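Below are two complexes that have chain A in common, paired first with chain B and then with chain C.
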Partner chain A sequence: MRRHSRLWAALALPALAWLGVFFLGAILLVLALSFGTTDPLGNPVFAVDPSSYRTLMEPVYARVLVRSLLYAGAATALCAVVAYPVAYSIARYGGRFKNVLIAAVVVPFFANYLVRMYGWSALLADEGPVMRVVGWLPFGPERMVSTAAAVVGGLAYGFVVFMILPVYAALERLDPAVIEAGRDLYGSRLATFVTVTVPATRHGVYAGAVLTFLPATGDFVSAQFLGGPEQLMIGNLVQEKFFAGQDWPLGAALTVLLMAVLVLCTVGYVRQGVRREVS
Partner chain B sequence: MSTVTRRALLRAGTAGSLAAAGAGCAFLPHRAPAGAGAERPVIRPEPDGDLHYFNWADYIDPALLKGFAKEYGVEVLEANFDSMEAMIAKITAGNRYDVVFPTARWVQRLAAAGELHPLPLERFTGWGHIYEEFHDPWYDPGSAHSVPYQMYMTGIGWRKDKLGELSGSWNDLWHEGAGGRTYLLDDRDEVLGAVALLLGFDLNETDPVRLERVCAKARTLRPRLRGFSSDDHTNMLNGNAWLHQMWSGDFLVAVRASGDAGRFGFQTCREGVPVNSDCFAIPRGARHPGTALLFIDYMLRPDNAVRNLRYIGYPQPHRATEGAFREISAGFPQLRISPAELAFGHQYRNLPLAQTRLRDAVWTTVKAA
Partner chain C sequence: MKRGLVKSRLPFVVLGVFFLVLYAPIAAVVLFSFNAGKSLSAFSGFSLRWYREFFSDGALTGSVATSVQVAAVAMAGSVVLGTAMAVGASRVRGRFGAFAGFVTLIPLLTPEIVTGVASLLLFKGLGITPSLLTLILAEITFSVSYVAVILRARLAALNPEVEEAAMDLGATRWQALRLVTLPALAPVVLAAAILVFALVFDDFVLAAFTSGTDDQPLPVRIYSAMRFGIRPSINAVGTVMLAGSAVLIALALALPRLFGRRGTGLDLLSGE
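Moving on, here comes the complex of A and B:
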């Protein structure tokens, strides 16, 4: 037994080393950078200079951060609403085509995210195909690009696969006997779905929410292509500071702030989930 | 005050503030370019390996790259960057490219940091075609490290079919009819620069009080703004933009792609416009500087320069291309850049770090607040 555990520890070592260097190391590097300065060519120099954090006190950063959290939250909710029926249909009615259907869901996401968002911006442009059709409707929106709805929709489209897969996995693992028991107790289809299926698979939604919310909050591509100045997200500012602004210390400080907020959100969310499970 | 007088004053002010900035330019070591370059061996124009080429995407006629590869029996390995900063980051991270395309002020910064090979101009058979203004440009004394590639201005492009005629001022960015369909370039210096020129300040303004005014003025544009985007020709073509702060070369790309020149207008502005140029340069770390030298000379050949101009649509400071540019920009004489504009136009300069940070903070406020 002991030999086995040693073997497993040895096998885990490369992965742990990898994580140590490229995950923990990267985080420490970002933390160090956030206290640094830059040389004349804009390259980062390590120092102990908290001025980047003082800059973060300006209200513009808080406002953009809150907006990012709201957009990501809305996109996550939208993902859950879209993903659950899709995952449910595949799990319940997919039969022997389940794997093919899952592949059909995943394959479009092999295309680069940037390309997909660029595609959306072309589709939704004022003189693009969608607006040409919408223009005929009596109550159609005047525009789609540069709206919050477009950005949230873009985020949801970009990350929905991260919601579908865990929800599908949870539905797959759901014992059919549990549903049968619900039916045996004279529950209607709907009642069984609401009182048995959904609660029994909510951990899949929790996992999907975390997987969707985290990358969506830091995303900058959706706001870049589908948003206007009122829809900028924190990721856009990070990108701006690292590239155009060449202010790596401020970019790093923003990244640290974003990570801290996301860790707090995630811990709070998971604890909430655990509490609900226990009660 | 007449426009001429004001512009003259502005130029005088510019010269003064630049002298002041130069004095405090801690990052530009005095005469560093010549000193840094002198130790390096002179490059010979002979094939010494494949060409590692690093440029903006689609910023050269691909047929010319193929032609060069065939003529000299080398391969051209292309990589692209999407901003000057990304290019610098790649070079300083140790990636080795043979030929790169920095803008004027980045040539100055790279040369000052000792990152560029000195170029033996006498070896370029096509050098005589280059405008005299580029033989000793402000950003690279004696053209020691760079060869000019393209020139462009920043002005306002607009949809004539939607807005009619404009007034010829940067004030047109506030055009009533274009509310909600106005775009500014997603570029700190272009946006702050345009508003600074409108207010009669320097393009590279660093005075905190004046920058405050630039910021306040720019923010009045925010409610009418649809976005900040550097994809200017796409925004014009897909109808998202009716009014766009625009690079002159991109405007011509949009007009040529639409096939309907009558719908579009482009204006330079009476308060002055930024004039900019891109260059060829060979980084210090180049593995095959001989091939790179041959490549630059190949691009300076009159027939190749004309061919390239017809492909990308940006004017070149190269005498042989003048006729071809007049032809492709027919109907838009304002897109031509005269030597006078190159000498006296408003150009982006390198600033000390503290002033760059200040401008960056103002930009964040304009863009995101």
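Moving on, here comes the complex of A and C:
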């Protein structure tokens, strides 16, 4: 048995080694370069120099970080508010069309992200169909693009499927007998929903929140095509440092900052999950 | 009576509005790809001019070829590595399996921009100029995890007693794996391969960081075209990509069913 175990381990080893070099090794390099400097020609040089992190202390970077977290958080909340009724409608009323409906939710996610964002920005553009409808109304915003709402909406549009699937899975796993019990105890439809269904499926919402928040925080496409200079997110800064600015150590430090935030969120989520299993 | 109405109609309204918003941007891209005029908001008649412009643009069609090439090689590499990893890690005893599972998950939870920056720095550090090679290596790194996670879910659902029965009948462990487990796994491996192809073909963020200035894949080319102002031919390119993705996804979803599995294969997408 032991000998076989070694065989199986050998089977898993190439991929693990690959991930060790090309993923974990690469992440360590980001960490190392974030303490680097640039030579007079602009090339990155490894050193032990915290100056990139000192630069990050400047208020402009703090503002962008806070903005990214706010946008990603708002987009995650929006996803939850949209996804729950959608997942609930499919799970409870989908009947034999459940799988078709879930497929209809998932398929657009496989459409190219850029193309979807492009279509979204065309719809919201100043001359676009949405603004023409809004123009007839006696109230409403003067424009949609280059607003925080457009960026948050774009993020939510891009990642909502990551919220719907775990919430739907949680609702599907919920034993209908539990809901019947709530009804038997004279809970109204609404009371049963609020006190039984939602709490029993909240782990689905938590999982969905992590899955939407992580990519949303690092996204730069939404802010680029739907926002203006006032809506830039941390991903836009990273991209700028690497493509245009050429200040790679600062870009690496920004990436480390982004990773740190996300690791904290993930650890918080996992610990919360562990506590749930213990209790 | 009133409550009955609310009960029956509300889900339809919810789903109707949701799907309208979900598909409207995609529908707009498809519709305006056939627009005779240059406008992206006023439809002035049916025309194929933007498709003609796309197919006569050597840089764009070249990018399509590049993307196909990258997706095919990355698919092959990640399926081989990922399948071996999934089988090995699910069979191995002790903590190693859990560790391998954890390592596999990290790339999937890391935002793409972080992976992109990290890959770029690694290749620069190794002295490799960004090119087709670096792009393929980076795409494999991302896809290995994807394949391994999908297959481990399916391996966990397979009945281990069938493999044990094969060994009781005199098969060696390898024979049992090759003749029993892998055939049972084949449709899912194939479906995962198709999904990886679609994901790599569509990938933009990782590609933007790791591809060189020559041989840019299609999404990177589209991105630069979009940055220098919106061009109607992007709608045509986008529509072609949508059609390609739709065919691949339909294939991946149908595969497990064709091979007699119950379900729709949707669990592949959700990683259930």
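Convention: the second predicted complex is superposed on the first by the 230 of 279 C-alpha atoms of A that agree within 3 Å, B and C clash if a C-alpha of one lies under 4 Å from a C-alpha of the other, contacts with A are read in each partner's own complex, and residues count from 1 in each chain.
By our rule, a contact is a pair of C-beta atoms (placed from the backbone, for glycine too) under 8 Å apart; a residue touches a chain by one contact, two chains touch by 3 or more.
Being a predicted model, the structure only gives us computed values, none of them experimental.
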Between chain B and chain C, whom does A:Glu127 touch in the aligned arrangement: first, second, both, or neither?
both
Considering only touches as defined above, state whether A:Arg63 meets chain B (first), chain C (second), both or neither.
first
Quick check on the superposed pair: does A:Asp184 touch chain B, chain C, both, or neither? Answer first, second, both or neither.
neither
Is A:Ala12 touching anything from chain B or chain C once the two structures are fitted on A? First, second, both or neither.
second
Winner on chain A touched-residue count between chain B and chain C: chain C
Per the definitions at the top, what is the overlap between the chain A residues touching chain B and those touching chain C?
122, 125, 127-128
Name, in rising order, each residue of chain C that touches chain A in their complex.
3, 7, 10-12, 14-15, 18-19, 21-29, 32, 39-41, 81-82, 84-85, 87-89, 91-94, 96, 100, 103-104, 106-107, 109-115, 117-122, 124-125, 137-138, 140-141, 144-145, 148, 173, 198-199, 202, 204-205, 208-209, 219, 222-223, 226-227, 230, 234, 238, 241-242, 245-246, 248-249, 253, 263-264, 266, 269-270, 272
Contacting residues of chain A [partner chain C, same complex]
1, 4-5, 7-16, 18-20, 22-27, 29-30, 33, 44, 82, 85-86, 88-90, 92-93, 99, 101-120, 122-123, 125, 127-129, 132, 157, 160, 165-166, 169, 189, 210, 214-215, 217-221, 224-225, 235, 238-239, 242, 248, 251-252, 255, 258-259, 262, 266
Per the touch rule, the chain A residues reaching chain B in their complex are 38-43, 55, 58-60, 63-64, 122, 125-128, 143, 145-146, 227-229, 232, 236-237, 240-241, 243-247
In their shared complex, at which residues does chain B touch chain A?
26-28, 83, 85-86, 88-89, 92, 109-110, 112-113, 115, 180-181, 186-188, 222, 225-228, 238-240, 353, 356-357, 360-361, 363-365, 367-369
